[in-house]
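Residue numbering begins at 1 within each chain, and the chains themselves are lettered A, B and C in the order written.
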Amino acid sequence: MSEFLMFLTNGLVMGGINAISALGVSLVVGIMRVINFAHGEMYIFGGYLSYQLAVGAGIPPVLSMLCSVAAVFLGGLAIEKWLIRPTYGDEMYSLIITFILSIILQNAALLIFGPYPVKPPSLVFGATNIFGLFHYGNQRLLSLALAAGIIGAIMYLVRRTWFGKSVRAISQDREMAAMLGVDHLKVNMISFGLGCALAASAGAIIAPIFPVTPSGSGAVSLTAFVVVVLGGMGSLKGCIVGGVILGVLENLGAAYISTDYRHIFGFIILIGVLVLRPWGLFGKRI
Amino acid sequence: MKRAGLAGVFLIAILVPFFLNQYWLHVAIISLFYVMMASSWNLIAGYTGQVSFAHAAFAGVGAYTSGMLALYGGVHPALGIIAGTLLAGVLGLGLGGLCIRMGGIYLSLTTLGFSEILRIIITNEEQWTRGTMGLQIPGVFSVYSKTHYYFLFLAVTLAFLVLMRRLLNSDTGLAFRAVLNDELAASTSGIDTVRVRLMAFTSSSAMAGLAGGLYGHYLMLITPDIPSLGQMFLVLAMAVIGGMGSFAGPIIGAIALEFLSEYIRIYGEYHLLLFGLVALVIARFAPSGMVGLWEKIWRRR
Amino acid sequence: MKPVLEGRDVSRSFGGLMALHRVSFQLFEGEIVGLIGPNGSGKTTLFNAITGVFPPQEGEILLDGKPISRLKPFQICRMGIGRTFQIVRPFLKMTCLENVLVGIVGKDEKGTSREERVEQALSELEFVGLGGQSHRLAGSLTLLQKKMLELARALATRPRVLLLDEVLAGLNPSEILQALDMIEAIRVKRKVTIFWVEHVMGAIMTACQRIIVLDQGRKIAEGPPDEVRSNPRVIEAYLGGADA
């Protein structure tokens, strides 16, 4: 029983990470109708930069994480301005450009960081006794807390700030929003940067637990996309619920059915959703 | 003028085995494989505007189906390749049927997922596929001869291209391009856009299966690299750099990039990165690729 | 006499916003009926409902008495409804000839040869005055020419009813006169019933026999131009009730 609870909690932790990662994708898709294929690479850059800063430059781990997320955010702004903006209106080209970008970044990561998995230092150590039922690693608990914190921050951002209001206005009706004076170029740029930053923070948070490798970026992107489809495009709630469902299913599936095929559960869910309920759990019915 | 040019190219193509050494003949054969792959991918991406990431996966379906049938079932490669083509087409029909209705993004995501899953299955089912070590399968000819393979590839590629050309000039091709230009206007003009896109997707996946089957029996060693995203990227880059949406673009892109990659091979790890950078620059600044640039220069005169 | 095109209590909402509320209308063969209303009154939404792009959620649309609301856009086109778009949408990267050919191919008539189809396409281009432009790319045409091309493409689908969506938008006065002549020619020579959304009031008041007025998704008036022009509710809708 305690083993099951452990797997379940693992699923929750991964679920939180999935949710943040998916939020990054959902934000960009909802505002710009662009799928960032380089999402997975942003995630691993988050992990790698955080490692390099902490281990290579001796910067305290918390600061390393923040710096690496900030760096990816800035990178995202630049990418939106120079690569994505010119493709507005053409869904196909933005897909192609972000796909090419992902290959470039993947290979660049291989060359810069090498093919070996790296693990930044943990922020906390030891384990906690959960309700007397089982022991669970503190770093993992911290990761769950951080993930929840970020989700909370995003929800605040969307509900209370001008940025969030602009985002909601644009995703409902782009033309109306433009008429009302929403600077959609600025909003797009910040959204994309934020999307990349969310990916990087997911990577930075999970890296002390599961080391990052350059070849893992494909699975990360795919997982994020599956969560967004499952939860429903453009739905914040959907990312959270979908992320947790996928995280739990993958962990339980890997534990009890087969570890090699853990990613297949995501794909089966994707196909299932598309066949039965294409707009996902909370998306707009088409 | 154009016919003379084509005849000249054809003549050169036939004479190739006589003035290339074995190594470069091999490169020529590989580039013909990529011509088939890039052209058929262009059919869906360049002509109907759907970016599929499952193209390399369908080639993998063709290669592994035909290879395993030959190895375990003693089936003659010619039949095996046909079986692989049909299976790829059926899977394409199924996959397309699932996601074409939902729009471009969903198609790209689903094909991406399909591609990764196929690669995972092939890698894991080592008992049958030998996973990453590769599966050794028989060749098409009982006596190995690169020249024979070259002519086989050339014949199939030419038949391929002729069929594609006729398709594109037909009413169906017109419908393809209408859907590419403006799907809404096409549908209110009477075009069944879902059916058109599904047809393009199915036939292109069958073509990838055919190319893959042939490729597998030439290499005689098939690995999960064939249905990988890395291969997918190469095909995409060739179509983009050569010129998506034009007929000659992917052909030129495939041949040019394959020969170029042989020169870059000494740099080892950098070659994908270099291709990526070139492809990115072209996609960003010259979306119609080399063919588009050429036409612009030609029109200026 | 039965109407060619009929809508009964057509309703459509978008995310809580009622874009069309129980709109009913009838078009009889050979008529040219105008559809006007302030911005956001639901005119294009009604056209989208008729052509199946955003089908009605309640109510019914009938063509020659047959319900078409559940059909897909391409099927509705084949049954005989053609349309042009508010922002003109020809196939920019295809030639004029190819643009019109798409309409013919869309009609999907068996038993015509390639030559016959090309001839038919060329005659449509002639009809709208683009006879000499058949090999030019649609993207290189002027605005008026693009609109004519859209008309030719719609005519190639042999429609019974033609929906024109703000076809005069963006044209200068002399171009408007040319367009008006073309529309009249279509109605008379091709025997097409025309349903016409327009903001250029002068044109629509003179050309149409009957005008339907929408405001905020509801039909508020219907009748000959003079009646509609002096209808207080219509005036209020456009001016927002402000008194002179």
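Please note the rule applied: contacts are C-beta pairs under 8 Å (C-beta built on N, C-alpha and C of every residue); 3 or more make two chains touch, one makes a residue touch a chain.
All values derive from a computational prediction rather than experimental measurement.
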Chain-level touch network, classified as line, ring, star, complete or other: line
Comparison of A-B and B-C (more C-beta pairs in contact): A-B
Rounded Å distance between chain B and chain C, as computed from the means of their C-alpha atoms: 42
Chain A and chain B: spacing of chain centres that average the CA atoms, whole Å: 32
Multi-partner residues of chain B (each touching 2 or more other chains): none
Complex contact set, residues of chain B against chain A: 45, 49-51, 53, 98-99, 101-102, 104-106, 108-110, 112-114, 116-117, 120-121, 124, 229-230, 233, 236-237, 240, 269-270, 272-273, 276-277, 279-280, 283-284, 287
Residue ranges of chain A touching chain B (in the complex, touch as defined): 29, 33, 35, 82-83, 86, 91-93, 95-97, 99-101, 103-104, 107-108, 110-111, 218-219, 221-222, 225-226, 229, 260-261, 263-264, 266-267, 270-271, 274-275, 278, 286
Chain B residues touching chain C - in the complex, by the definition given at the top: 171, 174-175, 177-178, 180-182, 184-193, 245
Residues of chain C defined as touching chain B within the complex: 51, 53, 72-74, 76-78, 82-83, 85, 89-94, 98, 101-103, 105-108, 153-154, 156-157
